[in-house]
Amino acid sequence: MTTATVTDERIARTSTVTKLLKRPEIGALVAAIVIFVFFAATTSVFATAPGASTWLRGASTIGIMAVAVALLMIGGEFDLSAGAMTGFTGLIVGVLTTEYGLNIWAAILVSLALALLVGFINGVLVMKTGLPSFIVTLGTFFVLQGIDLAGTKALIGQVAIQGMSNVPYYDSAKKVFGSAADIGGGLVYASVFWWLAVTAIATWVLLRTRTGNWIFSVGGQQTAARQIGVPVFKTKVGLFMTTAGAGWLVGMLLLFTTSTVQSNTGVGQEFIYIICAVVGGCLMTGGYGSAIGAALGALIYGMVNQGIVYSGWDNNWLKAFLGVMLLGAVLLNEWVRKRAETAR
Amino acid sequence: MTTATVTDERIARTSTVTKLLKRPEIGALVAAIVIFVFFAATTSVFATAPGASTWLRGASTIGIMAVAVALLMIGGEFDLSAGAMTGFTGLIVGVLTTEYGLNIWAAILVSLALALLVGFINGVLVMKTGLPSFIVTLGTFFVLQGIDLAGTKALIGQVAIQGMSNVPYYDSAKKVFGSAADIGGGLVYASVFWWLAVTAIATWVLLRTRTGNWIFSVGGQQTAARQIGVPVFKTKVGLFMTTAGAGWLVGMLLLFTTSTVQSNTGVGQEFIYIICAVVGGCLMTGGYGSAIGAALGALIYGMVNQGIVYSGWDNNWLKAFLGVMLLGAVLLNEWVRKRAETAR
Amino acid sequence: ACSGTGSDSGTADTAKKDYTYAVITHGAPGDAFWDRVKSGAEQAGKDYGVKVEYSSDADPAKQSQLIDGAVADKVDGIVVSMANPDGLEASVKKAVAAGVPVITINSGVDKFKDFGAITHIGQTETIAGQAVGEKLKADGSKNAICVIQEAGNVGLEERCKAVAETMGGKVENLQVDGTDDNAVSATITSKLQSETGIDTVVTLGGQYAIDAVSAVKDSGSKAKVATFDLSEDVIKDIQAGTILFAVDQQPYVQGFMGVTGLYLKSINGNDIGGGQPINSGPAFITKENADAVLKFAANGTR
Amino acid sequence: MSDKKTEQATNVAAPAAAGTAVIEVKDIGKRYGNIIALSDVSTSVRAGEVTCVLGDNGAGKSTFIKILAGAHEHSDGDLLIDGQATTLSSPRAALELGIATVYQDLAVVPLMPVWRNFFLGSEITKGFGPFKKLDVDEMKRITKDELAAMGIDLRDVEQPIGTLSGGERQCVAIARAVYFGARVLILDEPTAALGVKQSGVVLKYIAKARDRGLGVVFITHNPHHAYPVGDRFMLLRRGKSMGDFPKAEMTLEELTSMMAGGAELESLAHELEKTMGADSEIAQTMKADVT
Amino acid sequence: MSDKKTEQATNVAAPAAAGTAVIEVKDIGKRYGNIIALSDVSTSVRAGEVTCVLGDNGAGKSTFIKILAGAHEHSDGDLLIDGQATTLSSPRAALELGIATVYQDLAVVPLMPVWRNFFLGSEITKGFGPFKKLDVDEMKRITKDELAAMGIDLRDVEQPIGTLSGGERQCVAIARAVYFGARVLILDEPTAALGVKQSGVVLKYIAKARDRGLGVVFITHNPHHAYPVGDRFMLLRRGKSMGDFPKAEMTLEELTSMMAGGAELESLAHELEKTMGADSEIAQTMKADVT
């Protein structure tokens, strides 16, 4: 940095190592490490390759959505239709291929186009009506949920896609979205790589591109951003489309990993995405957060969820453990971040 | 008003009638009327006394919580444990009376005390840690959910309270919380009266007391409120306790109307409360909203939910209809409010 | 226990009246089991030329509101599933008192008589669960997990409890997030990895059996999979031997027979079952009889 | 001010005798994380005196008064009120000691009506016990009157304060502090957004408060505002105190040059002269200010 | 300003010849709901001239410049840019026409670092196509330099702008507008929170911009700031224009009394004299201002 002002008497002290601690992710990172160490120490499987494979798989799809939702939240909006979107896109591909015999790749593209369209509608509705996105996307959520159930039922007479694996070229799509690589004795699913890629791209966009700058500004202070010349409409609509696109990606990952998708897939997940983003340091009020943080939030969520199973604790208490651990993780996160700020 | 400035040349025009239109509830009121008229015209039962009895009952418990949640949201916070709280309090009374034979009124008081304690903990945690309430109360939510399931199973070996109606003095409590009065051929449940009372009190507190002033200010701009001498801590903790108290009230209403409560009662409802508050004009960001609006939001939700059933539309599309109608109601709400503002 | 006094008027103008029946269950929308109940009821409605209105809510308070609403709507009969009888008692009794014939399905066999319903069709979760437990016991299962896809759901809890009662050995419940198949699969994998002694996975919905099969494969466990309820993929897995068996509660029958019972009551004053419950199942689908069922499962009716 | 005034302030100690120190600070300092905004500042606020705090942008003036107002706790040093070492835990605590503040960022709640903002935290109520309710008409009247006295003629005190103009908002904040200030009045750049007329009224208010025996802390960048009303001048530079001067030792010219950083301003005027011609009016004005 | 400057502004038309009207407004008006904030205002902004907009608090000055800046659409009248009737649909449209604005409420995003705020909406990038990325070092350097030129020595341009002092924040907004303003520069009370030194720098900037052929709109309450740089003075009162005066027809004294509402201020000075004694310094200062 050319602008370092190391010799300013008004700054207490500074060091390159402690500078790292300024990043908003640091707290979530420490929390993730603590949780990893905890489960690694108390259970035998957690830290093995097959064990890690499992919790990584669980975290990956949630993580992709959490990152997209984090971008949207930094931009000051919510998308409650994000969960239902994962089911919606999967169902479209399933119905088009198993029932209508459409080429699988064509179906995948149709599904992407529809997802982006829904995202576009969300964005335009929010911007044009001035209604809170919480309520607009809630509407879309309900509509998607209705279509998922009634549409699927009407078209294929079932509430879940069946016989997906017999569709021609299924294997080629599965290679991209549903395969798993054996690394050190544990299966690493394609979704994990997608997760890493999405997180890396989102981080780069947020911190190193104009778009990223605009996202922070529209979430932080929309009027100010508009006054200073940021294209608020474009930025926000783009964010809604990104979230919808991520929903499509996760829909594909789910479909081709499990070879099926049901009409209620993803319903209720939208809040888990928000939770992961907040655990990772995003503000509910917008303008602050990080993509890596959201990914770590999903990792924490995934590890805790599976870790509790590994621990063999009474399963009825699952939710209580989950609550205590999440709260603990966030408290630790906050504590670390505050310490980091004063100590940098 | 002593301060009316009717002759100011800088004000376009003003009238006492149009002044009414300024109230934030006006939009929700118009939307509620439109929805009522719609279902009254298209179905035969909706506007009859027995029909109205049903949707009023459905709206009442949601409405009580929506009003409390609206206060909290105006104060700038969320409570995701509000839904689980209704189950929690009901289960406590159920377990204490059916399993341990405690006097029913004593059990009701114990349950109230525990609810307020949880609310207090929520509030203190939020204020002391500086964590977003979304995440803190999410933790409480999970913990309550775990206790509801595991605790109930461990104590009574079931996931639902049975045999409540055989408990001594059950009838005296039922009179307060679960009875119904026959008005014009339709049963009006106690919960409806409670709902009206809660809405009236909340409106009065918001608009005509110091506490109300403080609630608006802590939600609108917490730093400014603190700087100007508002007791922020007390106000916010009080709000969390109010929400918990409302959760207890609804828990009692549910328990004594249906004579049972399940371990998953209320789970997932927390978002419906928020939705009703937002439909009624509360801002997600705090500092703006109204109790009557939230009550109307709950009324809209209740009417739509039951009206769709009366209309005999395919149940699979229920959610889609719900989404479209909610969105329509909110759009109408917004449109009316904007018109009212320019025309006043 | 016949409460059919109010039905006389029904029989009187059989010829012209368009009957309307409400089917009110505690199933979650999109749940495969309840979807088949709905299909059965609607098919019966179509066959008899009567109107069937299906609605559902898992919350007993809301379910009782739906019953009240149906009574206010002056339907000619109500089919109701009573997972939590206490919660519905007042509403069902009110319906009966208003002269609306009621038939209970699926659950509530202990209470239907008290509440004044004509009959009960189906079998409790308990009967199905016990049957599964017995069959697993016969198959040598000693250590099973029972996968619950919706926390606190009364019916699911009962199924697992009943399995445990008759199977002997160890049966542990496992809560999963039913709206995320990826997570379901991952959670079952975790469980199998950490407790290698598990020899059986019982799932409570056809969908989750598929997830369990892939989890068994991923974890390298030797556990067998048994499931409640059917789907096309489940039957194919049974044929392939990756699923041991499925217990079919024949939900379609519950819906179809429920409406049939009301219809008979309306046109002919019949109280089918004569006050005794009628069992709709269970039927076991194994490798032996899978082929015969495949066609129906593909239709979404089994 | 209105008669209600005294009613409102009954729970607050009366102003002390002129000249006694109400607030004393000793070697006070404040850090925000690793940023040292203020260090080793000592001064006192006396009853019946106006203490002007001067200094460049970012010198730490607002930080200093936030400590006095209870909005921030100090990190180092001592804060003495009426001779007793205290840590003001909240602005409410300060208010209860009769210390009222106008913050530079005004501390208003944009979505709330003007009159609610005016009385926020000190609402007037009528009735008893649970039926105690806001005396809305009275509060509206007072708000309207107090603002009119400052030359602000509001259309409607029900307007959300966020829709007022910058100067109108500032006037609300000032009127509020003046109305509720019982012993000490702290004003952080109160005249920044004000017109000539309104500024004059504020200066008048300050003088009046001083004459009533209040201690006043006044921050401004305008020497023409500071000099007439100030009794003592404290200069901050880069978070450090450069000293505390009584008015007797000071002329307006000295004050101006002190505020502008003396030599620096002279060189600026010089530079302007070079770039824009010696007789350019800007250079002239600035030179007039300096010398 | 820096060399990068021209690079940034290439898509923007060059300043017009001095004296040509860049912006003209005719009978323009603005309502917020039923509130009429501005009505029937006509004036023009000419290249190479500084138009000062004067007026009391709440007179409608900010509303007026928000229309020029594209932040609000006008409700009545016409807005002509380069002779063509236009409705500026967004501030971005105005920026693209070379109109840069310093808003009274500064238009900054508090949680974002200083340098990101500085370049928001006009970021410098390097690289091509999808790999185009922000030139962070360059932007930090420019930010630091431009602020240093205004006499603001920031510790760290990574600091969130919300943690800067009021004056520091204002300087960022001004430096930004000056850096990006190509044809018209609009400044709404830019010197309000500034120290004497920083105010001088801003006045110097205004004069420089004028000399480079930019049209400048300058709002201030300080006649000592307005008079030296202004070429024309437009007076607003209660939302109406009281006329548009060239500097030639005006003395500093006339300007001052006009800004203060003339007669009203005199009566205030008079009142002060009565209440505080004729030789009270405040009264003296005010009288000096008036006469």
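Note that the chains are named A, B, C, D and E in the order they appear, and that numbering of residues resets to 1 at the start of each chain.
Just so it is clear, a contact is a pair of C-beta atoms (placed from the backbone, for glycine too) under 8 Å apart; a residue touches a chain by one contact, two chains touch by 3 or more.
Just so it is clear, the model here is predicted, and its values are computed rather than measured.
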| item | value |
| --- | --- |
| Distance-maximising chain from chain D - centres being C-alpha averages | C |
| Most contacted chain pair (by C-beta pair count) | D-E |
| Distance between chain centroids, defined by C-alpha means - chain D, chain E (Å) | 25 |
| Separation of chain A from chain B, taking each centre as the mean of its C-alpha atoms, in whole Å | 30 |
| Centre distance in Å when chain A and chain C are each reduced to the mean of their C-alpha atoms | 35 |
| Centre distance in Å when chain B and chain E are each reduced to the mean of their C-alpha atoms | 48 |
| Set of chain B residues in contact with two or more other chains | 10-11, 145, 149, 153, 316, 318-319 |
| Residue numbers of chain D (touch at least two other chains) | 35, 105, 155 |
| Numbers and ranges of chain C residues touching at least 2 other chains | 29, 151 |
| Chain B-facing residues of chain D, complex | 69, 71, 90-92, 94-95, 101, 103, 105-112, 116, 119-123, 125, 132-134, 136-137, 140-141, 143-144, 154-157, 176 |
| Partner chain E, residues of chain A touching it in the complex | 1-3, 5, 8, 10-11, 204, 208-210, 212-214, 216-217, 220-221, 223-231, 287-288 |
| Residue ranges of chain B in contact with chain A within the complex | 78, 129-132, 134-136, 138-143, 145-147, 149-150, 153-154, 268, 271, 274-275, 278-279, 283-285, 314, 316-324, 326-327, 330-331, 334 |
| Contact footprint of chain B on chain C as seen in their complex | 29, 38, 51, 53-56, 58-62, 64-66, 68-69, 71-74, 84-90, 150-154, 157 |
| Residue ranges of chain C in contact with chain A within the complex | 28-32, 35, 151, 172-175, 178-183, 185-187, 189-191, 193-195, 206-207, 210-211, 214, 218-220, 231-233, 236, 298-300 |
